[in-house]
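Here subunit A shows up in two complexes: once beside subunit B, once beside subunit C.
For the complex of A and B:
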């Protein structure tokens, strides 16, 4: 008499296939979530560092009462333009000075106001610098990178 | 007689349970990292907003400082010979035109105070010492106080600057 044995291998194979499919879909979703979390974390870190450094530059601008030559001397640099100063930072927001290098990733630009309102282009980023008020030194301090503006403030000193 | 062999292979369903646990762990960690990153970013954004609001208030305070300087010169030109009239006119001009308060003490000191809103409940409180400029054509104005305060919290402090944690009867606040 032949006894028929029902093979469990087919059922197991089917289960394995469904499990692998399910795992691949969910792991793709989770990997996407991890990547998003990393990007948001980097964005937050950039914003925090930019806020700190812009604040530092703005306070120095106020300390020198808006004199761009004194401000550039604080950063041990010779001023090239009388109403603009660029400060470069690497990926970890370590200051690199006023000379651009290959490791420069972020820039803080100080744009001093003149008698008329002006539009300044920082790569693809357009920055509107308001006209200076009488007897008040004014500047826009902006932190930016290749993607655009990170943080900016307008600072005044009477 | 056939011997029954004991099979020790993986039974149907155990791999499913294993994968479900792994997927649960993965999803939990991914969600946690996303929520944590979002919370950190929101905190960074709030700090950036607060800083921006402070500098906007700071700009307004500098413009008001210029206005106070101009008022002092203008009032002296009109009323410099009569101290009482000078004081009255100065108080009026500062209060009505620039929302500033003039404080005088018996030693000849003069202070001007004003507040600029800096977002939410915060205000930039400015106190200027105009003693060197008071009743004079020109002089220096020294900022004595230039800080962010939260008026609603200030009322909770006593004269020594302490928070009332315990009262004399030992009960909290």
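For the complex of A and C:
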């Protein structure tokens, strides 16, 4: 009699363990999909915000006709490098100015073209800046973060 | 012997019950995780739509009419409005883009006609619209129904 009771409990326990095994495999797959879905969603949000902000910076570059000093003045900052301007944003794409802070998560960099083609390194990201043609002010405006490039445009002002 | 058997039976039952409870709790946790991810994704999609649509629409309207003297900032019942002038034949028309009664609206009227804000075609829900011109730079700021504001700056070839 006792053997039968033990056998019934044992069978149920074995069935439950097999169920839990399959559930573990399935939930691991689902958790992986959830993480991927969240990352794709965040990537889409970053692209939307980056597109908007890069467009605004490019329009300002055209408004100052490619003068980097005037462009930095629009952002109330002094220009450190004559052909480069960095603008920092936090996780919600709120502008933080031209000085990097602890809450900086995204960067928009304006790289003005010179007479020769250049290769500029933004952390691990290599950006090719084409040479400027005569009577054209040209720049590469790129939004990037630690993972790499988010969005970039090449803006020209004739 | 019987009492020992009964004790084992109770322990077996409790262990199995505890294992079942762990399984049920884990299943519930996975469902909650999935619901949270779905909610977050939908919220992000909604924010992207609110963020992108109004500003892109206004930016494209301005670029289509970017000729000298054709983009003007005005007001509709104390709210900022964008006026785009265009000449059709020998008559001048104006496209007014403004926020009225919680909606972004657009209306095309003749220059000598009186604007009725209610007659505008609703584009989307919008809380407010702000326009600021600084030389050739026009900054458009929109606030969605949730109160979140975004702005875009455009270089216009025409002045106000």
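One rule holds in what follows: the second predicted complex is superposed on the first by the 150 of 158 C-alpha atoms of A that agree within 3 Å, B and C clash if a C-alpha of one lies under 4 Å from a C-alpha of the other, contacts with A are read in each partner's own complex, and residues count from 1 in each chain.
In this section, contacts are C-beta pairs under 8 Å (C-beta built on N, C-alpha and C of every residue); 3 or more make two chains touch, one makes a residue touch a chain.
Small disclaimer: the values here were computed from a predicted structure and weren't measured.
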{"item": "First (subunit B), second (subunit C), both or neither touched by A:59", "value": "second"}
{"item": "Partner chain in contact with A:153 - subunit B first, subunit C second, else both or neither", "value": "first"}
{"item": "Subunit B versus subunit C as contact partner of A:44, first or second or both or neither", "value": "both"}
{"item": "First, second, both or neither for A:23, with subunit B first and subunit C second", "value": "both"}
{"item": "Partner chain in contact with A:34 - subunit B first, subunit C second, else both or neither", "value": "both"}
{"item": "Which of subunit B and subunit C A:114 touches, first, second, both or neither", "value": "neither"}
{"item": "Partner chain in contact with A:11 - subunit B first, subunit C second, else both or neither", "value": "first"}
{"item": "More subunit A residues in contact [subunit B versus subunit C]", "value": "B"}
{"item": "Partner chain in contact with A:136 - subunit B first, subunit C second, else both or neither", "value": "first"}
{"item": "Where subunit A meets both subunit C and subunit B, residue numbers", "value": "12, 16, 19, 23, 27, 30-31, 34, 37-38, 41, 44-45, 48, 51, 55"}
{"item": "Touching residues on subunit B, where the partner in the complex is subunit A", "value": "10, 12-13, 15-16, 19, 22-23, 26-27, 29-31, 33-34, 36-38, 40-41, 43-45, 47-48, 51-52, 55-56, 58-59, 62-63, 65-66, 69"}
{"item": "Complex contacts: residues of subunit A adjacent to subunit C", "value": "2, 5-6, 9, 12-13, 16-17, 19-20, 23, 27, 30-31, 34, 37-38, 41-42, 44-45, 48-49, 51-52, 55-56, 59-60, 62-63, 74"}
{"item": "Complex contacts: residues of subunit C adjacent to subunit A", "value": "5, 8-9, 12-13, 15-16, 19-20, 22-23, 26-27, 30, 33-34, 37, 40-41, 44-45, 47-48, 51-52, 55, 59, 135-137, 150-155"}
{"item": "Interface residues, subunit A side, partner subunit B - complex", "value": "8, 11-12, 15-16, 19, 22-23, 26-27, 29-31, 33-34, 36-38, 40-41, 43-45, 47-48, 50-51, 54-55, 58, 133, 135-136, 138, 151, 153-158"}
